[in-house]
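Below, chain A partners chain B and then partners chain C, in two separate complexes.
And now, the complex of A and B:
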């Protein structure tokens, strides 16, 4: 186990190094425009550009420039220039909103994914099963940038049941917090519910053929107990891994678009606004911190998976 | 091909027959063809019906509907709604916002860019994936280790976020590498970014197939006859990958389209004066209260295209591999793995 963890951590550091080099090259080396000009923003004064050139050391050799960038990143000295704001402050400010959105959506999609998957597995081939198959392929085809406007139009503008987005901190008013987040939660969760129900279903159908399920039935357990205690529980291990990866991908993907449409004051909206204005420092910061977070999460999930299911780490070392 | 079920018909025509027996798939193939015809007709509609281009502004103009003069953009900045054929097809779907551009014309031209970017990116991504998969699966050893590790690394990244940042950096500053120079607005930038980041989703399954195929007798036979590695990889193994490649290519177009729309929606994909369906949603969302169609129409076009491609791809898989037990779940899995703007965690399943 220790060897497995060490190897995963080394792999993680290598990936993070590679990502930071790619970002460095793309931001500083590939563009034909002077990178200081790009960092400064569209309406920057020549003086500001000159200052940035000195600050980032664009006359230094490339490896030194890379180190300067990484130093700024790790000491939290990355700033956006018009107006001068520290990027990491803005990111930390946005984290509660982003986590409210993503964790809430994750709870919804896990709950309904498991429930629907369970129901369609115990009646495989029935009408619910076939309906869910259709719903899940439609679900993965509906992009958030269609679902969100439709939901806002129907439930916020026409029926006026829910507010059309924006974020109210939980500490301020828990009721309003939830009310404002319901539409965004549904938007984010909708894609995954169909998919998760399919995964749970097919895992459960696989597990149902295992010997220990037959044993459980043979010793006289009721059908419900067999299904929940033995089948469902054992088909959850792959779902946990999947969930860990999806959660990271959602934070760094769909959540950005969702925050932008619903005007939720999180990290994603900060990034989206920076993209709109072509402000590079915030984007650089969000991309790198975001990658670090997601890759770290994925590594943790990998380790947790190996801990839960010894076949994974045994299989790995046997193949070497 | 061993065990050919019919003497007269080859496996391809059999597959084709199986595909056309799937009514849902044929219906959605029809939908996809209609979408392609729709975007191809853009210049015809623009010139002969709407008499305007996708970027022509009509801020202070008026059109005549039933003998009445109407502002294209009202004094308060509200764009005119759908006119259908009331103004001889002008502003068929209304105007797109304060600039008063013809929404129908923009939808057609935007679709061209969306499809162009998606198909080119899927093509490049599939070709790269085939080459990498063949190299890794055939040579094994350190070649395989290096390729597999790089693919795994890309897989573990928050691809959309990194693509977003690269898109902005290159759109701001342009691109210069040796003799290759691109301006920030070039379509090659989003195409390149999408194709590189989607390679692992095809390359990993292909590598697995090549690993299995290169153990087969026909490969041994080819090697024994003195065929070199290139000949074996592209002449012997590649034809056996054809059905996988066709299916993945179809699904990848759908996926690239969502990826592009996500980037363009935020402003890191297709840059003005070009527009795509994703970029059009941005303007639409701002006017959601006034004119909800402006956000919903391009979104619905994306969904329709993606849904057709997913269903076609799934039916192709059934038709090409009738014994496959995975059927729909395979397409779902792929989508989920590849969903750059959505779920990405299919990794655990493969």
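And now, the complex of A and C:
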């Protein structure tokens, strides 16, 4: 198992290296425009552009340029030039808000996705299943930019139960933190709850036809045990894959719209602003940050997969 | 005194196209220590019969009639909770494909412990595990202590089927139902598994129901045989009666299509022409009629299951031909078989 994990981690580093090369090529090599000009921003003075050219070594051979870029990334010298702001500071600043939003939403969507999917599956064809199917499809169909204003209108403006967005750090006031995040959580989780409950339901219905489920019944297990220990447990394996990818993608990008609508000062909002103003350094930084989480979650999924399905784990060690 | 008594069992499933009568009037008695083989093609109702005994066919669209008595207790009217207690505890079941019949994500030993603890809540996990080791030893799995902690995919097919049998016996049931227990295995392993079932049947005085389509398997272990076709019993008797004096043309067909080492090799292995009928569209009268070369004017009436030979009152069949006609018609080139259909 340790070997398996080490191999996955090595693989992860390799993928991240590839991603960084792609970022370098896309931002520094391909554009016809002088990269120093892009880095400096729209209204930069010729002097600033010249300074950046020297600082980034754009006269050096490409591999050297790549190394310079990576060095800047890792030493926190990737900066926005007007005004001069360090990109990694901004990203680190935004991480608590973004993580509060995405992790909270992920917990909600996993919990309700599994619960609704489970209830649908064990009552397949019944009225509860039909009702939950309707709810799921509604959740999948309503886009975030529609759901969010509706929630804000209902719960913040009309009923005044929850505040209308903003972020309060957990360390400041946990109660206010949660209160401010509930609407964003629900907004971000809604699509996934619908989607996950459909996936769990259909996986469970497939697993119910497996021979080992019949065996479980034949040995006298109660229906609930059959459903949880055998059907649900085995249905989760593909769900974990999906979750890893979705969660990584949410951190890396999907949360941007929600952050923007609820004015949550996270990495997503920072990225959105950077794109709007075409600020190259933050776009590069956020791209690498996002791809890191996607790749990292993928690695976690692989490891979780091996934990959940012994065939993966042992198949791996047997081939070594 | 019989332990398990099934009488006029009928199992039908309502479908969009009508009722599929999967089992149509099956009756038999089974005593401790006895091996009853139920033989038939796919779709003949043999597995449905077996699964109905432990309530696995209970479904909204199922209609189950008749009676199944286990030691005086009626199983068909037993509630779901009562049925659950009976499963594993009094009736153990072994399924066809040991590759897919264990949950791949749990250790084999734990799956046995789970079976034990479903019925005996007071058994600790350690006690359960010790019992699993004992059972593994009893079914001939070497290095049992270590191998109870293996996952199903670490076992070969034959070993997995042994583990399956161990699990079925975990609570010392009185009845063991083995549904095609050797079908998915290599021929060499098949013989080992049959030896094991035979040995357990003797040692533990189990009442065993063996479901198979393989007459070779039947010949190895069965005491009595029930031949099913299209949900109906077409012939029943002792092993010798069925093998040496088969009365129903369908049984002849099964016998004729066996490969035999003690007979001259046929140019081509004989087969029964045609397909089993759809259960939604059975012919009038004898269900085997469309495939039978000996069909005559009486066949459109449904023949009763009757004993027709005075010397063997337990040997019944469902065919209108007289015993004399049968003795003559079942000989194909000097051996028992079914003639090729008339053009």
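Basically, the second predicted complex is superposed on the first by the 284 of 320 C-alpha atoms of A that agree within 3 Å, B and C clash if a C-alpha of one lies under 4 Å from a C-alpha of the other, contacts with A are read in each partner's own complex, and residues count from 1 in each chain.
The working rule: a residue touches a chain if its C-beta (ideal position, glycine included) is under 8 Å from a C-beta of that chain, and two chains touch if they have at least 3 such contacts.
As the structure is a computational prediction, the values presented were derived from the model and not from experiment.
When the two complexes are overlaid on chain A, chain B and chain C sit side by side with no clash. Look at A:211: by the touch rule set out above, it reaches chain C but stays clear of chain B. Taking the C-alpha centre of chain A as the vertex, the lines to the centres of chain B and chain C open to an angle of 90 degrees, rounded to the nearest 10.
Using the contact criterion defined above for the overlaid structures, shared-chain residue A:284 touches chain B, although it does not reach chain C.
Contacts of A:31 after superposition: chain B is touched, whereas chain C is not reached. By the touch criterion defined above, A:3 lies against neither chain B nor chain C after alignment on the C-alpha atoms of chain A. Shared-chain residue A:123: touches no atom of chain B or chain C.
Comparing chain C and chain B on the residues of chain A they touch gives the larger count to B. By the touch criterion defined above, A:295 lies against chain B but remains apart from chain C after alignment on the C-alpha atoms of chain A.
By the touch criterion defined above, A:198 lies against chain B but remains apart from chain C after alignment on the C-alpha atoms of chain A. Closest approach of chain B to chain C, taken over C-alpha atoms in the A-based superposition, is 17 Å.
Counting contacts by the rule stated earlier, no residue of chain A appears in both its interface with chain B and its interface with chain C.
Residues 153, 156-162, 164-166, 168-177, 181, 254, 258, 261-262, 265-268, 278, 281, 284-285, 288-289, 292, 295-296, 299-300, 302-303, 306-307, 310-311, 314, 328-329, 331-332, 335-336, 339-349 of chain B are the ones that touch chain A when the two sit in their complex. Chain A contributes residues 14-15, 18-19, 22-23, 26-27, 30-35, 37-38, 133, 136-138, 140-146, 149-150, 152-153, 157, 164, 191-192, 195, 198-199, 202, 238, 241-246, 248-254, 256-257, 260-261, 271-272, 274-276, 278, 280, 283-284, 286-287, 290-291, 294-295, 298, 305 to its touches with chain B in the complex.
On chain A, the positions that touch chain C within their shared complex are 210-212, 214-223, 225, 229-230, 233-234, 237, 308-311, 314. Those residues of chain C that touch chain A in the shared complex are 54, 56, 80, 84-89, 93, 95, 97, 100-105, 114-115, 118-119, 151, 153-154, 164, 167-168, 170.
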